[in-house]
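Please see the structure below; I have some questions.
Should a chain be cited, it is by its letter among A, B, C and D, assigned in written order, with residues numbered from 1 in that chain.
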Amino acid sequence: MTHPAAAIAPPPIPAAKIGRVGVGVLGATGYAGAELVRLLRGHPAAAVLALGSRQHAGELLSRHWPSMPDLDIRLEAEPERPEAWRERGVDVIFSALPHTAFASRAEAYLRAGLRVVDLSADFRLRDAAEYRRRYGAEHPAPHLLDRAVYGLTEWCGPELEAAELIANPGCYATAVLLAALPALAGGWLSGAPILANALSGVSGAGRTPSLSTHFVECGGSAAPYKVAEDHPHMGEMLQAMRRAAEGTPSLVFNPHLVPMARGILATVALPLARKIDPEQARALYLSRYSRGDESGFVRVLETGQLPETRHVRGSNRCDLGLRVCGGGRQLLVFAALDNLVKGAAGQAIQNWNRAQGWPEATGLPLAGWTCA
Amino acid sequence: MTHPAAAIAPPPIPAAKIGRVGVGVLGATGYAGAELVRLLRGHPAAAVLALGSRQHAGELLSRHWPSMPDLDIRLEAEPERPEAWRERGVDVIFSALPHTAFASRAEAYLRAGLRVVDLSADFRLRDAAEYRRRYGAEHPAPHLLDRAVYGLTEWCGPELEAAELIANPGCYATAVLLAALPALAGGWLSGAPILANALSGVSGAGRTPSLSTHFVECGGSAAPYKVAEDHPHMGEMLQAMRRAAEGTPSLVFNPHLVPMARGILATVALPLARKIDPEQARALYLSRYSRGDESGFVRVLETGQLPETRHVRGSNRCDLGLRVCGGGRQLLVFAALDNLVKGAAGQAIQNWNRAQGWPEATGLPLAGWTCA
Amino acid sequence: MTHPAAAIAPPPIPAAKIGRVGVGVLGATGYAGAELVRLLRGHPAAAVLALGSRQHAGELLSRHWPSMPDLDIRLEAEPERPEAWRERGVDVIFSALPHTAFASRAEAYLRAGLRVVDLSADFRLRDAAEYRRRYGAEHPAPHLLDRAVYGLTEWCGPELEAAELIANPGCYATAVLLAALPALAGGWLSGAPILANALSGVSGAGRTPSLSTHFVECGGSAAPYKVAEDHPHMGEMLQAMRRAAEGTPSLVFNPHLVPMARGILATVALPLARKIDPEQARALYLSRYSRGDESGFVRVLETGQLPETRHVRGSNRCDLGLRVCGGGRQLLVFAALDNLVKGAAGQAIQNWNRAQGWPEATGLPLAGWTCA
Amino acid sequence: MTHPAAAIAPPPIPAAKIGRVGVGVLGATGYAGAELVRLLRGHPAAAVLALGSRQHAGELLSRHWPSMPDLDIRLEAEPERPEAWRERGVDVIFSALPHTAFASRAEAYLRAGLRVVDLSADFRLRDAAEYRRRYGAEHPAPHLLDRAVYGLTEWCGPELEAAELIANPGCYATAVLLAALPALAGGWLSGAPILANALSGVSGAGRTPSLSTHFVECGGSAAPYKVAEDHPHMGEMLQAMRRAAEGTPSLVFNPHLVPMARGILATVALPLARKIDPEQARALYLSRYSRGDESGFVRVLETGQLPETRHVRGSNRCDLGLRVCGGGRQLLVFAALDNLVKGAAGQAIQNWNRAQGWPEATGLPLAGWTCA
């Protein structure tokens, strides 16, 4: 016996209707790049046609990622003229190269008619001087900064639809901003400093080996780094906060490396201008993130529950837990996400879905892995 | 521009044609049970309709698995009469209950017209006396032993098509048998003892907390246990080996617990009757497992390559590495699989696919996760 | 050739002069209890004479801790009359039993002339009502609360010399208080809430298995718990803060479990009443903790350095890193310690050393392990 | 009250009697080098006077090992003439440099009257041609090979007393040989191949970062490497086996990397010439390793017990578990040790103690850490 009504079933997919769009990925051997490949190959509307690699052109991707042995696709150097890929059917480029490595070529891709989604920091800031201060380098393409859309998806408006150049937010920034913006935009904050602590898995440090990512060094240890006002993500966090509310917020951001492969857990303390109760806090956040049909990726947990990174591993979700304390004058927001999915490749695809006019969740996992 | 030809694209799925088959899962809160749910909900022909739990009936599955928050499905006690679930559309039961917990009720399910896939050890052995010796318990339903098909999928013949009662192999047994059977069935072995060492991730020990699975105890440590001839999987390994080749093989099996969540790595040393060279070994294994179209889950790596558990995490693959040594008189086979997928839930679904007459790979991942 | 002057040599030990003092340990099979045994057996003035266990009396300690196979000592039930142990030469009892398990018998030990060092929470709070609120239980011996000395060693004055009943601080409280008290006692704080976030290794949750300490659950994941004002250590932290400075400080405390066996990393944000610069901060903390001869366990790192838990594993140190931000109006203090040493067994011995009139560092490691 | 008789007390140390011997360590920033420093500073007869580093001369050791902040000792380049260190009182050199990096200078140290303990592979093999085959390099000082004593301590005879040039065994070799030699030397083996599988912690791969030691890659994964007859330790294992028994044993050795910082677990299968029972096996091994007074570092566990690496972390022990199977014709020996202690720095000191004529266990830990 077979029957149509399924309690648990994969969501309807628009594949058959929309055909497939050709995709190129730059920096495909790194963690974010490989995660893009992993997710895009399950995307019903994507056809991955070109994988760029600066160091490994000519090799099979599966040599670098034996977990995907069925991918019989060869890494290649970026073409001199983006039109070469365009002619092979590539319509969008996702760049997972490090900052400053791609930005100077972005314009050529745009001119050739490709959409560009950049996962590096290069197009996140509006101000080239701020970029210089945060990243210690001249911006390679300052004239494009105005054209880029900062893709914190849930906070993007119509500017994301049909966007040609999308700056994908940083993993820490995504967690902290999703946690802070509702209260900030709601005008709830007192003006006292926002304190954001965050824990990151080691994949956030990239795939290039270093002493600080050596198993024996970081395994079994917790370490703060680039604390207070030192982390370059401070720039995009402050910029987004200023957009959401008048005035210059004060922010202290303390990232920590902890021994897990994936995940970010942000603990954001928001000092409030007036007393609130837990129901008000939950109502505000739900009004921001709830979709009615439970389809959204940002989920406000039940009162009393707190997010854990294991629950979002492999998922594009960001789970938020709320807590009111300090006599109602302090709102704590805990945010958990997978740094490689909602913090990188997943959100990039989410943004691309929006720019293409597809349902935002197309090809993206809401559920995470059981254990890993 | 969109275009139909995709270099990397999801495989064609038979969903639209075949409708959906109603599925029930028993023991849904454990690791294997939750992995069944995770995989079945992505299966194009499955509709998960009932989740049984002995201890948590009435609770939401998502309470036990917050990684799947979109699963608005409630755990329930097994019905007194299987017909109750049958009437709700359940056509197949996957039981992930521990051994002896389900077997006495299997017949009722079969009589009610349901197919049964049992992930426990209960229907793996043909001989009730052997069961008693290995598991220290009387078999709850010895008269069914003859009806059960031992589902080491790649070694199953026509008996698996339309099978009503499928005994899913143990995770260790799957790794060791996939590694040893080609040489054994090929008549290559000398008769000297086969030595199989294996490393298992901690999820293999189940979800019930114990001192040996406490993070502080097993983290950062390696430990052998139930070595030599003590592990109960010895029974099904020897039984399958005897089926593959005449005579009683001698087997030493040493399992070890190592600090990873998922994965089995088996190192199987096979003493040979005559000298071989690496090409012969590879040819034999390829002839057994290669599908021509690269669609198979058991993959023989290139000469010189060795499998690693990280490459199969989340995948239904079993990667095999071959090595000839001892002057050509010893064949080493290294096998890596994910104990919860090919070693449990994935192989269970693979068997069910076969029994339903669907393509074996339906709904099952060939690629693994990037990192975890 | 031999020669007397050694660049690196073990510190002089007072053993020969002082003889040995008989020690009993209660709760010797748990993590803190076993750590007491490990450290005390290397203590030049201690002779471990009795090990108490509620559940395992009659068994060898080495059965529970095979890492100490040379310990041919049998666990025993606590004697009905402490005099029985006194007569065998036991002069001091270290109790590593959980809270409420020992306090009712403390008086009998004191009367029998034994010194008592309690590692549980039972004698930390002065106020029985506060105890009830924090621990949800009536205090078993409220009349002793006034007699107990709260042993945050570096902040103890003459009351610790010859103390008979010592309440050893909690691991979190030790980290947070060592970080916050200098600024607080210096009158530097503005009165805005102190925000203390902390990361703990899994041994902090004890040795009794539970789902939250299962390797597969907590491995590779970060999780907040008992946040804001919920953690019972809030009581002792606030009490110690009030002692150090007038007024009622406001404190938010967010503990997180991260996948490491040992270690606490506390990140404490202190809002300041007036602007300071990094040199002032460092000078204040050095004036509090520096010993001139570098012998102290609380070490203020160089400006720009941040502590990591791997650097204090196995050591009785607490490393502090300072950071001024927010335009000089915010002091961040990062504290790293080993929860089983400075956060439990080590500090207990440090307190005992003081009470005995010995050098505080006797038998305690300043250096940590290389890697673990 | 104090009293002399202590149930658990540190062993008597010969310090006062023997003065201190000056020690130099080469390669002090690596894992084995730092472990030497950690152990030697607790050694009652050692005075660490010089630390050599090829890359970090002029820097404080504590910069590389903040876990030892009290070590106010500066790394230096090796002197051009060893006499320079000799004059400062250095009597022995422990070299923890990689193979080929030190051997050419060994003779100069010996001539200058220093004892040399080399932890690299360079002086382990007797035969320069075998060295070339195993390590792919010409031996830098073949004329010294005859003078070196291979320091598998428990198997050394009088040649170790007063030895001037000691070749410290490899970590894998130590585990496999301690497991196999008693049966081999006892003439028990059948001549069929010995099969040795081994699991190693990541510190065994050294401190230089690489992709294979990146936390995200090796964390949560098990991987075989250099299997069958490929690992260079094969050379010293076969050499030592041939010394212990006539004939050329056949050996298959399969090392695996597993996600732990420290530890080796070897599983050695020994095919026997005649049937034995468990008591005979235990008697043979006890006769080899038991000291009567329980002071030995190689410990034969009770029948039925198996060693685990967590029980030897931080200890100089090697725990052995025995198992007879295959109808009495197969002896399994499981060996656990800490690769940085008994597998490197600890055994080096043990050998040095013997060469100095001191009790073998001087300054070496028999007990391991509780948890790590």
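The definition used in the following text is that contacts are C-beta pairs under 8 Å (C-beta built on N, C-alpha and C of every residue); 3 or more make two chains touch, one makes a residue touch a chain.
This is a predicted model, so every value here is computed, not measured.
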Intersection of the contact lists for subunit A and subunit B: C, D
A-D or A-C - the one linked by more C-beta pairs in contact: A-C
From subunit C, the most remote chain by mean C-alpha position: B
Centroid distance [mean C-alpha coordinates] between subunit D and subunit A, Å: 47
Distance from subunit C to subunit A - Cα centre to Cα centre, in angstrom: 40
Where subunit C touches two or more other chains at once, by residue number: 31, 201, 203, 216, 218-220, 259, 261-262, 308, 310, 313, 371-372
Contact set on subunit C toward subunit B in their complex: 31, 201-203, 207, 209-211, 213-216, 218-220, 259, 261, 372
Interfacial residue positions of subunit B with respect to subunit A in the complex: 1-10, 18-22, 31, 34-35, 37-38, 40-42, 44, 46-49, 65-73, 89, 91, 203, 219-220, 261-262, 294, 299, 308, 310-315, 317, 319, 340, 366-372
List of subunit B residues in touch with subunit D within their complex: 192-193, 195, 197, 199, 201, 216-225, 227-229, 250, 252, 254, 256, 258-263, 265, 267, 269, 271, 306-310, 313, 321, 323-326, 330, 332, 334, 336, 371-372
